[in-house]
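Both of the next two complexes hold subunit A, though its partner changes from subunit B to subunit C.
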Partner chain A sequence: MAGMSAPDTDTPGLAARIGHGLARWSLVIGLLLLWDILARSGSFTPFMLPSPESVAQRIWRDASNGDLPINMGLTLYRALTGFLIAALLGVGTGLLITRSAAAAWFFDPIISVGFPMPKITFLPVIVLWLGFYDTAKISMVVFDAIFPAITGTIVGIRAVEKELLWSARNLGAKEREMLWQILLPAASPQIMTGLQVSLPIALIVAIVAEMLMGGYGIGGAMQQASSMADSRGVFAGIVEIAVVGWVLVKGMSLLRRRLLMWHPEAEAPSGV
Partner chain B sequence: MNRALRCLPLLILALAWEFISRTGLVSGSALPSLVKIGEAWWGLARDGDLWTHGAASAWRVGAGLFCAIVIGAALGIGMAWWRPADMVLGPFVEIFYPLPKSALIPVTALWLGFGDGSKILLIALGCMLPVTIGAYNGARSSDRTLVWSARSMGAGRLRVLRDVVAPSALPELLSGIRTALAISFVLLIASELIVARSGFGYLIGFLGANGTYEPMFAVVLTVAFLGFVADRLYQAFTRRVFAWRE
Partner chain C sequence: MSEITIEGVRHLYKPARGKPVLALDDVSLEIAPREFIALLGPSGCGKSTLLYMIGGFLPVETGSIRVNGKKVEGPGPERGIVFQHFALFPWKTVKQNVLYGLERQALQRGEREARAQTFIDMVGLSGFEDAYPSQLSGGMKQRAAIARTLAIDPRILLMDEPFGALDAQTRHLMQDELLGIWRRSPKTVIFVTHDVQEAVYLAGRVAVMSARPGKIMDIVDIGLDKSDPDLQRSKAFADKVDQLWRLVRDEAIKAQQGRRPL
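The block that comes next holds the complex of A and B.
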């Protein structure tokens, strides 16, 4: 299981990998079958649990009349733009905090208070300031997703071995070279871990913001379906979001493996 | 003294807030002065609104988290302890874990309506998997030699589970619960803002929709503060639990 089992250091053979892939797909099929059986068993009304076929039809209809691409595109645009801004600002702030004592003094208490806060409560405040459109939604995503990026960067940079820095400095590295060639690469596993926590948060917050503020987007569409008691629409939304969430989380851990191929701990537990 | 110096940045932020709002750089409704927010908070506390809505929220978080922790920990330890459970339940955990939990809000509303039940179910479902994974990882990492020695000294399987596996699962289980605690606040407030007739989230939405921004800020800051305090208390609690390890 991803993130649950101890990392395999040696690559499994082709047969093992095919077997593993088959096992995974049979799980998804098993889940669908279970859903179908439950829906047909008559112990749930179609309103409580619509059958997988009707939900699939609904997804197909939304995909062919263009609703799904628009909604999905907007949700992903908001979540990913927010995530990218949060990643850049977060790593930048983290660097600043580790490089300057004044910044550390100023930001440390703010982060230690801000990180455990349920930032979503500030959503109405953000609406008050920025309105209901993309700026507000993306700002909310940034506000929520930035904290793991900051703390990941701080943890990573503070853990860089002093010997590495001393030798680089002895060899005449300038500040800029130290940053790009020593500090950031050496800290990249923890920075990646922070970002792997940030990404699902970005998606969660984008969806909540859409549900609350309405308009296009998967969250808005689900909320509308729910308020019109359109249970197929709600379940279609769940399936779509589940697939997107899975793809993003998976993509992030593939990216991690690719970026950190050179690093001894290439296969670190995915923080999500 | 040291502590005061550490908290100084927060004070600076508060003063900057007060300064901006008093000088009218932004309008008073967008950023009410902290003094007025304090007065509004006092008003809400005196009228009892804060307590009735707070009690509704506390019950939902409490009941939801309780279910999540009990079921989640049992599942996680069970899956680590008994292979068939792992084979059957593991895939479900894997499929549902990356699901953004906020997607469940409309479903639980569809199933159980606008009341307490839908929020409790939402929090229980949304917070269960981090606890399960913490318990699973913790229980799997329990030292094989400890298990073997306990077995060879004649401890039954259940005894080993209770005296060896469960305690060694504790650190990761507790950190899973910390994640669950954070998620529970997010789900609670989000679901109350979207579909509810009571609770802190509802109160925030209601006050905001009425254009009474001072009390709205008062409740927002209260919830933010409570989330922070809950996390700090939980950390203090885990430190106490692990006092024996030092």
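The block that comes next holds the complex of A and C.
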């Protein structure tokens, strides 16, 4: 009988690890270098393409005078609040659809029509109904980020094997215990995958909504910078969004690895 | 007196699409307390369906199944089940899996823990208490599943081709261990298999089922001394296997022919 597979114990040397890390980030580093070279080449005016250095200085200035924390905080507040609402409503709706044929019948058309639709087309309606402030922006985020949460939950719950449910019943689980004790944990890898798609969508939509509706926030600040011909401000926004997006996606995949320690593919999909 | 009485059970399998299929037709069987009976038949003959009905997982629509005189109306902890693909809770460790059923019984915490450990030791998984199922081999997963089921102390053990997904050597070891466990704490075992050798090696009686619709064609008493270490090399064993194989062969061929492409 085979034993447990031993964990991989060879750790590569420090140099090898640094080399490995550099190789992995080579495209990102390459793009930054290319940006620097083009900015210095003289073929672009600093207005068209400000140098990475000047953009970094701008980010530092905004960070120290308090603009960046306020804008970033508001964008994150909108994106994450929207994401949490979308996650709760999405998993709830997904559960309802899998548990009741009537709910499936009722929700299927709205999901089939709504998922592929660009939700941003509803922005004018949302503005009419809810105005320009956080309620409107967060509603846009929820509206967009909810669909992957719903479909992830449906796929996960439908894939739970009947033997698993039967085993639980056989061992004495009551009907009302099945949801929390069996269905949700068994479906958690797919639910998590759905949420890993929802989170970047939430950030994207928060920023786009800010750009279109104005006000504070990274998107609003970029829009304002653009209208005032402040190209460093625009580029600073792009860099800030890239960093925040990376942190959120990484955080989510770390959370997945922690929550799904038991899962043989705990690390997938790190790229989403 | 028999422990399980199956009378005139029919089962119509209704797939989501297509015509309903008669899976079981007029099945009657009496099973005595502490006997080890095998349900043997070609794949698709409804033997697992019958087991699921005894377990209370599928409704009995025509006929009746009684356990100790009481009609089966749902699953119960006195009828423990072991599935071919283990059905362990993958998010729980071996120990947490074994504890799951015990937590639903009126036991003190210490008693629960001790009981779980006893059964983990019994199936030879000591040292793997905190391993997740995905870290175990197929044989170890089935050991864990068996420990989880035995821990709730069922009087009846329902086994659905439990060793069918294991490699040949592991299967042999597991068969011997199952016989050992059954001898130490006799339970009524209903063991579904399509492997003739396995049925003869393990069971005291073998109910041979026909191809779809599943009926019980014959019930064969094995009457071999299971404690004989050379049993599988004996003439008596070979004769029994041969006798059963003759019964099953034609049905297996029918079952194959019944599988036309849709």
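Everything below uses one rule, namely that the second predicted complex is superposed on the first by the 240 of 272 C-alpha atoms of A that agree within 3 Å, B and C clash if a C-alpha of one lies under 4 Å from a C-alpha of the other, contacts with A are read in each partner's own complex, and residues count from 1 in each chain.
Just so we're on the same page, a residue touches a chain if its C-beta (ideal position, glycine included) is under 8 Å from a C-beta of that chain, and two chains touch if they have at least 3 such contacts.
All values reported here derive from a predicted model rather than from experimental measurement.
Visitor: Since both structures carry subunit A, what do subunit B and subunit C do when superposed there: clash or fit?
Guide: Verdict on subunit A: subunit B and subunit C fit.
Visitor: Of the two partner chains, subunit B (first) and subunit C (second), which one does A:Leu33 touch, if any: first, second, both, or neither?
Guide: neither
Visitor: Of the two partner chains, subunit B (first) and subunit C (second), which one does A:His263 touch, if any: first, second, both, or neither?
Guide: A:His263 sits against subunit C, while subunit B stays out of touch.
Visitor: Which holds for A:Trp166: it touches subunit B only (first), subunit C only (second), both, or neither?
Guide: Second partner only, subunit C.
Visitor: Rounded to the nearest 10 degrees, how wide is the angle at the Cα centre of subunit A between the Cα centres of subunit B and subunit C?
Guide: After fitting both complexes on chain A, the angle is 100 degrees.
Visitor: Return the chain, subunit B or subunit C, that is in touch with more residues of subunit A.
Guide: B
Visitor: For A:Leu88, using the defined touch cut-off, is the partner it touches subunit B, subunit C, both, or neither? Pick first, second, both or neither.
Guide: So A:Leu88 meets neither subunit B nor subunit C here.
Visitor: Contacts for A:Met228 in the overlay, against subunit B (first) and subunit C (second): which applies, first, second, both or neither?
Guide: So A:Met228 meets neither subunit B nor subunit C here.
Visitor: For A:Leu22, using the defined touch cut-off, is the partner it touches subunit B, subunit C, both, or neither? Pick first, second, both or neither.
Guide: Neither partner.
Visitor: Classify the contacts of A:Leu254 with the two partner chains as first (subunit B alone), second (subunit C alone), both, or neither.
Guide: Neither partner.
Visitor: Could you state the shortest Cα distance, in Å, between subunit B and subunit C after the structures are superposed?
Guide: When the complexes share the chain A frame, the smallest subunit B-subunit C C-alpha distance is 14 Å.
Visitor: Using the superposition described at the top, list the residues of subunit A that contact subunit B and also contact subunit C.
Guide: Touching subunit B and subunit C on subunit A: residues 1-4.
Visitor: Flag every residue of subunit C that touches subunit A in the complex, lowest number first.
Guide: Against subunit A, subunit C makes touches at 52, 55, 57, 74-77, 79-81, 83, 85, 87-93, 100-101, 104-105, 128, 131-137, 139-140, 148-149, 152, 170, 173.
Visitor: Sort out for me which residues of subunit A touch subunit B in the complex.
Guide: My answer: residues 1-4, 24, 27-28, 30-31, 47-48, 105-110, 113, 116-125, 127-129, 200, 203-205, 207-208, 211-212, 219, 222-223, 225-226, 229, 231, 234-235, 237-238, 241-242, 245-246, 248-250, 272.
Visitor: Where on subunit B is subunit A touching in the complex?
Guide: 5-7, 9-10, 12-13, 29-30, 90-107, 109-111, 133, 136-137, 182, 185-186, 189-190, 193-195, 200-201, 204-205, 208, 213, 216-217, 220, 223-225, 227-228, 230-232
Visitor: Name, in rising order, each residue of subunit A that touches subunit C in their complex.
Guide: My answer: residues 1-5, 161, 163-164, 166-173, 182, 185-186, 188, 260-264.
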